[in-house]
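Per-chain residue numbering starts at 1, and chain names A, B, C, D, E and F are given in the order in which the chains are listed.
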Amino acid sequence: MTKTLHLINKAPQHSSALDECLGLILSDPQAHTLMLIEDGVYAALGQADTNQHFLQGLQQSKLPAYVLMEDLEARGISDKVSGVFSLVDYTGFVDLTLKFSKVQSWA
Amino acid sequence: MTAKKQKILVIIRQAPYSSVLPEAALDIVLTAAAFEQEVSLLFFSQGVLHLLAQESTDSSAMKNISRALPSLELYEVNNILLDREALQANALQEDELLLPAKLLNPVEISAAIAAADQVFNC
Amino acid sequence: MQSFTLVIYASPQSPSSMTALNFARALLASGHSLYRLFFYQDGVYNACSFQVPPQDEIDLPAAWQALVQEHEIDAVVCVASALKRGIVDTAEAERYELAAANLREGFVISGLGQLIDATLNSDRTLNFLP
Amino acid sequence: MTKTLHLINKAPQHSSALDECLGLILSDPQAHTLMLIEDGVYAALGQADTNQHFLQGLQQSKLPAYVLMEDLEARGISDKVSGVFSLVDYTGFVDLTLKFSKVQSWA
Amino acid sequence: MTAKKQKILVIIRQAPYSSVLPEAALDIVLTAAAFEQEVSLLFFSQGVLHLLAQESTDSSAMKNISRALPSLELYEVNNILLDREALQANALQEDELLLPAKLLNPVEISAAIAAADQVFNC
Amino acid sequence: MQSFTLVIYASPQSPSSMTALNFARALLASGHSLYRLFFYQDGVYNACSFQVPPQDEIDLPAAWQALVQEHEIDAVVCVASALKRGIVDTAEAERYELAAANLREGFVISGLGQLIDATLNSDRTLNFLP
């Protein structure tokens, strides 16, 4: 058994990736971790209507979840992020990929 | 180039850095204005997020169109419209936006589309 | 008989370029005319002459070129989009000291004003988005 | 007042375009018509779970709705289309664009 | 090229003609098989729609990967997996599919991901 | 110290190419190494030498090239993806009778086998999807 870091790079408005990813991994928070990058960071907007269902699921599951700081800053939303997420910069992103056996990207 | 005049509605409905379309849309707005067309710009759905001040762009290769928004006035693009529901859905406040804009509900947006001769929905 | 302008935003690898080509063929077959084709953003790749597509796949740039030449269509490639993506005509290849031009014969490079002109002077303008 | 033909070229799994478009036009079926092309034709799958809500709304609104036959055939799904839609080929598509004052594309 | 062997899981989750990714995924499968890796192919979410017989491709410039699926056997790619929920969500029947495949529920898919050394999710 | 392979699927106009570049810079800064960069599908446009980007925008192909040359990175461009999109090296330009090559110095064209080899021989393989 290996541990997997899942990368999501699309907003919920542009891809069912986040939904589909969580459908597979929420039940097994030991083996999986979520990270949002690029447009995917919009899913971390704590007050956005579309995110409420997913943020609740994430909180209940205790699945670790990260979001890329640089992509939040570029979009001007770093002060609006849900507390469920840990913020990492690119160096932290590199470190994170090494804590898992593999990285799976979703688009 | 003819001297005809059209009502052109340009809609930005993609979030910042999500695709090249917002930049493509803004270039159409500026060109249409330069050719003295009657142009309106609507920030719709996730497009409203362009009106947030962005902190840095060094880590992104894509153009930050927010920086170009103030130049809209120079081009005499004064009809800036905003999707009120999208603002609410993203829990954004009017006073944190980069530009003043006219807030529209869905029926008013529908009317703006109906009133236009040509719509670019990027 | 009505006149159309088609705006192509996507690369030959995207289904929307093929939709635009099929639509162009159908409108000509119905006796209508093309006022202009405007290649914008990744759409400019449809006007590149360097592609070598596999034999079992449609060569979309060649198909556009055949249509443009047969019907003498005004096929405009947006200059800003093209330069950014490395599609250049002879004049630009010289100006920027590139080894060769790679714009297909039959296409011309021009500005976004040609798109605004087209919306004014054709009966219908359709956007084929990526 | 002009009449508008709305073109949708993305499946509901890849874009909120269909949702957003219907949110604007369902209330005014006299002024608007819907047409699905490319990946958008998957929204016409009559039995797909994700389409039920939207198909119901469409039926109730009496908004005219078309789908491009060639794109259905290429995907092998022409026998699975909801009865809410009229099928048109490319020639019909051209004719349709001329019945409206303008065409608005959604991606 | 080394003689090492890895478990490679390739996932196709986009519908036919929606993007170049399904074709990209299939090419990875065939190459991995040619290099004698232990490769599995999972049709997930909208990817299950590739298993419908398609009527014509003349109007599309994109490769119809369904036509290449029978060649998977020649390459000894025998581990073909299918997302059972997606089949149901699209109201597809097993007997209308182009290929026989092993139907998996979400827990089994999750296990297949966990068991792989490398995942290409296109 | 660990070794990475990055697979770049998107054009320079897509945010994911920039993410890949930022990630590459960060991993090198942390003392890790790049076993290989593999440019696949639209990612091959990152290896084109003809682009003339506007002065106020990042020149991503030039930035990749600088990284590749400074760190002597193995930067492989998928041959099938490249030919289809009109990115050719000198040998291919000759074979297909094109006016010039437009592959940037520092990049090499090769097959998809180089991607499989990379997943076997590097510690982590990351896919930067479009």
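To be clear about the criterion, a residue touches a chain if its C-beta (ideal position, glycine included) is under 8 Å from a C-beta of that chain, and two chains touch if they have at least 3 such contacts.
This structure is a prediction, so every number in the text was calculated from the model and none was measured.
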Partner chains that chain D and chain F have in common: A, B, C, E
Longest centre-to-centre distance from chain E, chain (CA-based): B
Same-site or different-site touching of chain C by its copy chain F, using the half cut: same
Distance-maximising chain from chain D - centres being C-alpha averages: F
Contact pairs, highest-scoring chain pair: C-F
Geometric centre distance via CA averages, chain F-chain C, whole Å: 27
Rounded Å distance between chain B and chain D, as computed from the means of their C-alpha atoms: 25
Distance between chain centroids, defined by C-alpha means - chain B, chain F (Å): 34
Residues within chain E bordering two or more other chains: 17-21, 45-46, 59-60, 117-118, 121-122
Shared interface positions of chain A, touching two or more other chains: 13-14, 16, 38-39, 70-71, 90, 102, 105-107
Contacts with two or more other chains, residues of chain F listed in rising order: 13, 15, 22, 41-42, 57, 80, 125, 127, 129-130
All chain pairs that touch each other: A-B, A-D, A-E, A-F, B-C, B-D, B-F, C-D, C-E, C-F, D-E, E-F
Chain A-touching residues of chain B, taken from the complex the two chains share: 15-18, 45-46, 49, 52-57, 59-60, 64, 66, 88-91
Chain A - residues contacting chain D, complex: 13-16
Complex contact set, residues of chain C against chain F: 11, 13, 41-42, 45, 48-54, 57, 80, 83-88, 92, 96, 98-102
Of all residues in chain E, those that touch chain A in their complex: 13, 21, 44-46, 106-107, 109-110, 113-119, 121-122
Of chain B, residues touching chain F in the complex: 17-20, 59-63
